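Here's the structure, in structure tokens; my notes come after.
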Amino acid sequence: MTNFISDAIQNLATPMILFFVLGFISTIIKSDIEIPQAISKVLAIYFMIAIGFKGGVEISKTGIDISLYNAIINSVFIGISTPIVAFLILKYIGKIDNINSGAISAHYGSVSVVTFVTAISFLNSKSIDFSGYMAGMMALMESPAIFVSILLVRIFSSQKISTLKSNFIDLLKESLFNSSVVLLFGSLVIGLIVGEKGMTSVKPFLVDPFNGILTLFLLDMGMIAGQRISEFKKVGFFLSVFAICMPVMSASITILMSSLFNFSLGDTFLFSVLAASSSYIAAPAAVRIALPQANPAYYITMSLAITFPFNIMFGIPLYFSLINYW
Amino acid sequence: MKKLEIIIESVEKRKVCRLLDQIGVSGYTIIDNVLGRGSHFTRSGTELSEIMKSSLIIVVEKDEIISKIIDVIKNEVLKFYSGKLFLSEVQIIE
Amino acid sequence: MKKLEIIIESVEKRKVCRLLDQIGVSGYTIIDNVLGRGSHFTRSGTELSEIMKSSLIIVVEKDEIISKIIDVIKNEVLKFYSGKLFLSEVQIIE
Amino acid sequence: MKKLEIIIESVEKRKVCRLLDQIGVSGYTIIDNVLGRGSHFTRSGTELSEIMKSSLIIVVEKDEIISKIIDVIKNEVLKFYSGKLFLSEVQIIE
Amino acid sequence: MTNFISDAIQNLATPMILFFVLGFISTIIKSDIEIPQAISKVLAIYFMIAIGFKGGVEISKTGIDISLYNAIINSVFIGISTPIVAFLILKYIGKIDNINSGAISAHYGSVSVVTFVTAISFLNSKSIDFSGYMAGMMALMESPAIFVSILLVRIFSSQKISTLKSNFIDLLKESLFNSSVVLLFGSLVIGLIVGEKGMTSVKPFLVDPFNGILTLFLLDMGMIAGQRISEFKKVGFFLSVFAICMPVMSASITILMSSLFNFSLGDTFLFSVLAASSSYIAAPAAVRIALPQANPAYYITMSLAITFPFNIMFGIPLYFSLINYW
Amino acid sequence: MTNFISDAIQNLATPMILFFVLGFISTIIKSDIEIPQAISKVLAIYFMIAIGFKGGVEISKTGIDISLYNAIINSVFIGISTPIVAFLILKYIGKIDNINSGAISAHYGSVSVVTFVTAISFLNSKSIDFSGYMAGMMALMESPAIFVSILLVRIFSSQKISTLKSNFIDLLKESLFNSSVVLLFGSLVIGLIVGEKGMTSVKPFLVDPFNGILTLFLLDMGMIAGQRISEFKKVGFFLSVFAICMPVMSASITILMSSLFNFSLGDTFLFSVLAASSSYIAAPAAVRIALPQANPAYYITMSLAITFPFNIMFGIPLYFSLINYW
């Protein structure tokens, strides 16, 4: 417990988290700081390239072994089970209608790149290793939840859901080849091919300034989250509680599951963070296409303004101490 | 000649363009990164995803084609997505 | 229905939106980063501050509400800031 | 009063503004980074050069001046470049 | 004198200043170089974060002592006296109307981040130290001049100035929580909290490439300044002279004032640069809201196209030699 | 031959080229990755500044000797002869009309900054030196081809070409002071002035992350090239073949020519790459103004979607082995 508190304080006192808080506050006090969207977009791309590439280089060093297969199984399991659990809770405990339940569970089943990146930065600060393929696992966990959720909506809805055929094709494209999946997998494969020799030439850009750039990106994320907070009341009490309890639950289940596979400390931790994280780039776009009747004010606000801040500020040290001191 | 201004969520832009091409319009013009407020939610355009932004598509065409466009957009797009269609008189000079 | 196009300095955008919300319009659409020249100074949009850029705000509404908007904008905004109001006929399809 | 909407390749923007200034219009408004499709090629705006993008220039003026603008643009610009001119009725409020 | 000349030449021969000149020239010869505004904006944010954060880390090392209180007094004094002096000169010597006098004095009383950053880079090249809290002093000096100037306009105008109430609220927000103030103070506090340990993780982004990024930013500033130069004739002779003499005067007075407090060489120099610098981001936006009847062609052109280039090219070595060889 | 293959494979296995391929593929599979144009533009500026500045600093070290005059003669010769050869081939062998022949030859006579930058990165990976003034040679070779091509069109067209006078003025400005020319020459002069001392202060930005940033830029270029590929069929068989054979021919002739001057291996290689490269930033803009009747689908697609990928993937190792193993 004291360990959790000291971890949490230590986590809160990193420049990254503090800049997130600064961004959040600056929006609340209506400051006119503005990070242009072009910058947010390229920073998101930077992080996907950087972690994918670094992961690939790591794999090229260690090679592939049995643990990779275990990791894939674990990822697919998390990607499928999380949205099912979320959907059932939302529908039966929260009494949320099918469509909004499906929309929200798609977000909680999918993953957040920035949460993952912050977790990596947390591990680095503690000099704890993790496997190179974890970036690939994140890519694997991006899309399944979206399809599972739509399937759930279709199964549970008596009246026909009027998703048009043309929308389904758009959705497939959007989900299978969405930018995170392509960039993460692509960079991982590139890292694998070029190995350590290729790393030296790009290290001053893809590795060294990583934490510093994260600082700028989290300032931006803080502002984006802060702007959403005004929609908070539309979300209501149940969904607000859900947005905090669901990640903790997903992380806990994942930690239990992962213990079956004997993953390293770093990998188990990253799996728990991925399970706990909720998407706010890929999932919203896909869900808006697949389930247009769902209310974006719910899923975006929950994912961006509640779960994301909770995860990077409190979730990360919490899941870490759950693993360590259980 | 009529000018139809279509305000549509950016996620639907590709689809609307596809529909316009299928109908066989002679051309269209797109203004991206449009913000706004309507009866649904405020499009402030700050999110990292495209869902809080609109695109404004302008089509100038003969009355029959415009009617066709309106029909198609109403059925294929506006049933599910918010969006607006504004119609006005215009003269094509060249 | 009438379409009112409001060209306003970007520094005044927040205020104009506030006024439109107060009047109770059903919606509006904003195009940012608009450049131009009028009788005052050339908006080339190159400065680091927002003051050399315009926003184009489009409101489609019933005639009474449009008149109200025009009144308010004239009194609260255009007394001090440069800007233009263009009014035209339009039909709301959806 | 008439509103003329000029859709022109971005490479020609500077020239069109120069022509408008020469004619002596009271003002104009420019929306940059406009995409579209017409009879020539699709302006997708992805290239590093400006040639696959359009600018939309709006001029509201008296009928005589608008006719002059149309003449000049037709002769000096649209003979070589693709582009469109849309004309409509509008009322200047301020 | 020979020292000033050698300093000036040395200053002019840095990559930063030369890229500024390149930007300026490229606009004059109508080259089509274009640095997108999204980039200018994020670079401005970068510099505020970088200097604020670095300042905070410095303070965390040295602690706070009596000199901080002196510095605050000095800052407030400069922030209030400069616009008053400027206003009186403009009104009584220049015969400029009240409103434009107020608008211009708001700019010269406030400060310029890029001028400050260039001055820091000048100090670094000479390995001269300065206090960590100087970034905070800059933040302190951003807004007072704007309020003082508006007050002056109100006092001196017999007819009622028609600033609307709603405008005054916008102005308050714009001035107190404008992006420079929030980012500078925020980053300073963050630097103070995380200290040297936090610095290591972000140094490759916030410190190492600082000068190089400044190079790109000054290229951009050169182009922005160059574009304004066509408005030069609208400014007229008196205001052009003012735009060069006012900074020299402010710097001189500040150097005298600062000698009362026994600040270090670096701090005295930075105070003089802050006093001499004129705002072209925060002040124009605030003044456009508060004094819409003032002519932007005056204040933007003076601040951006005359005073800013003068300060970074000649002012910086001049103020430095004034301190050293007086 | 085996050397070429091993060079080619080694070149293909660099992160830069692989990210280009990733960008290309991602567009083919219609992924929604989007690098905002503001970023593409500033990256292009970054590379021009970086290579210009580095070149200038190199010259400041070695001084100017006879080889510079030879290099200038060589550059001008290439810049004038390449478009003439291209024009004659297009007109007489390809039976392309005068205007499109002129438009295309302007592109192949001019140069591509990114191809040049990739070639430099190829040389660096082999630790082969080249002269500092090569960046200046690139700047020299940007514009002549455009004027030569227009002249050719005028000479060969019996009916009057209706380029308006006002267009010709725009063209002159566009070509002589276009951004590449000004940035390359400007940065080179700045590098020359500040020398090695100035280099140290900007190295962490202009030198260290060079390869990494190139990675991001080539991802973007891959997407841009991929988007053009749909226009491929409009280009037709002859022009597609031309887009691959012309660069090989230009490079070969240049290698022969350069051998007369006794340039170093690195310089000869860079001259061949410059000759082989075709413009897709400066030339399209200039040609659109000067020869509006030409079809952009031809010249942009050829230059961007065929020649550029060919050059960076296969041309660079090919020209290198031509020089080495001839």
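Order of writing sets the chain letters: A, B, C, D, E and F. Residues in each chain are counted from 1.
In this section, a residue touches a chain if its C-beta (ideal position, glycine included) is under 8 Å from a C-beta of that chain, and two chains touch if they have at least 3 such contacts.
Every value quoted in this text rests on a predicted model; they were computed, and no experiment measured them.
J.: Common contacts of subunit A and subunit B?
T.: Chains touching both subunit A and subunit B: none.
J.: Find the chain most remote from subunit C, comparing centres computed as mean CA coordinates.
T.: Ranked by distance of C-alpha centres from subunit C, the top chain is F.
J.: Going by the touch criterion at the top, tell me which pair is linked by more C-beta contacts: A-E or B-D.
T.: Comparing A-E with B-D, the pair joined by more C-beta contacts is A-E.
J.: Taking the mean of the C-alpha atoms as each chain's centre, how many Å separate subunit D from subunit F?
T.: From the centre of subunit D to the centre of subunit F is 33 Å.
J.: So what's the Cα centroid distance for subunit A and subunit C, whole Å?
T.: 40
J.: Taking the mean of the C-alpha atoms as each chain's centre, how many Å separate subunit B from subunit C?
T.: Spacing between the chain centres: roughly 21 Å.
J.: List, in ascending order, every residue of subunit F touching at least 2 other chains.
T.: Where subunit F meets two or more other chains at a single residue, that happens at 36-38, 41, 204, 209, 285.
J.: Residues of subunit C that touch two or more other chains: which are they?
T.: Residues 31, 88-89 of subunit C touch two or more partner chains.
J.: Could you please write down every pair of chains that are in touch?
T.: The set of touching chain pairs is A-B, A-E, A-F, B-C, B-D, C-D, C-E, D-F, E-F.
J.: Show which residues of subunit C lie in contact with subunit B when the two form their complex.
T.: Against subunit B, subunit C makes touches at 3, 17, 21, 26-32, 60, 88-94.
J.: With touch defined as at the start, can you tell me which subunit F residues reach subunit D in the complex?
T.: 37, 40-41, 44, 162, 164, 166-167, 170, 223-224, 227, 280-282, 284-285, 288-289, 292-293, 296-297, 300, 304
J.: Touching residues of subunit C toward subunit E in the complex: what are they?
T.: Those residues of subunit C that touch subunit E are 9, 11, 14-15, 18, 41, 44-52, 76, 79-81.
J.: Where on subunit F does subunit A make contact in their complex?
T.: 13-15, 18-19, 22, 25-26, 29-39, 121, 125, 204, 208-209, 211-213, 215-216, 219
J.: Mind listing the subunit D positions that touch subunit B in their complex?
T.: Per the stated touch rule, the residues are 4, 7, 31, 33-39, 54, 56, 70, 74, 78, 83-89.
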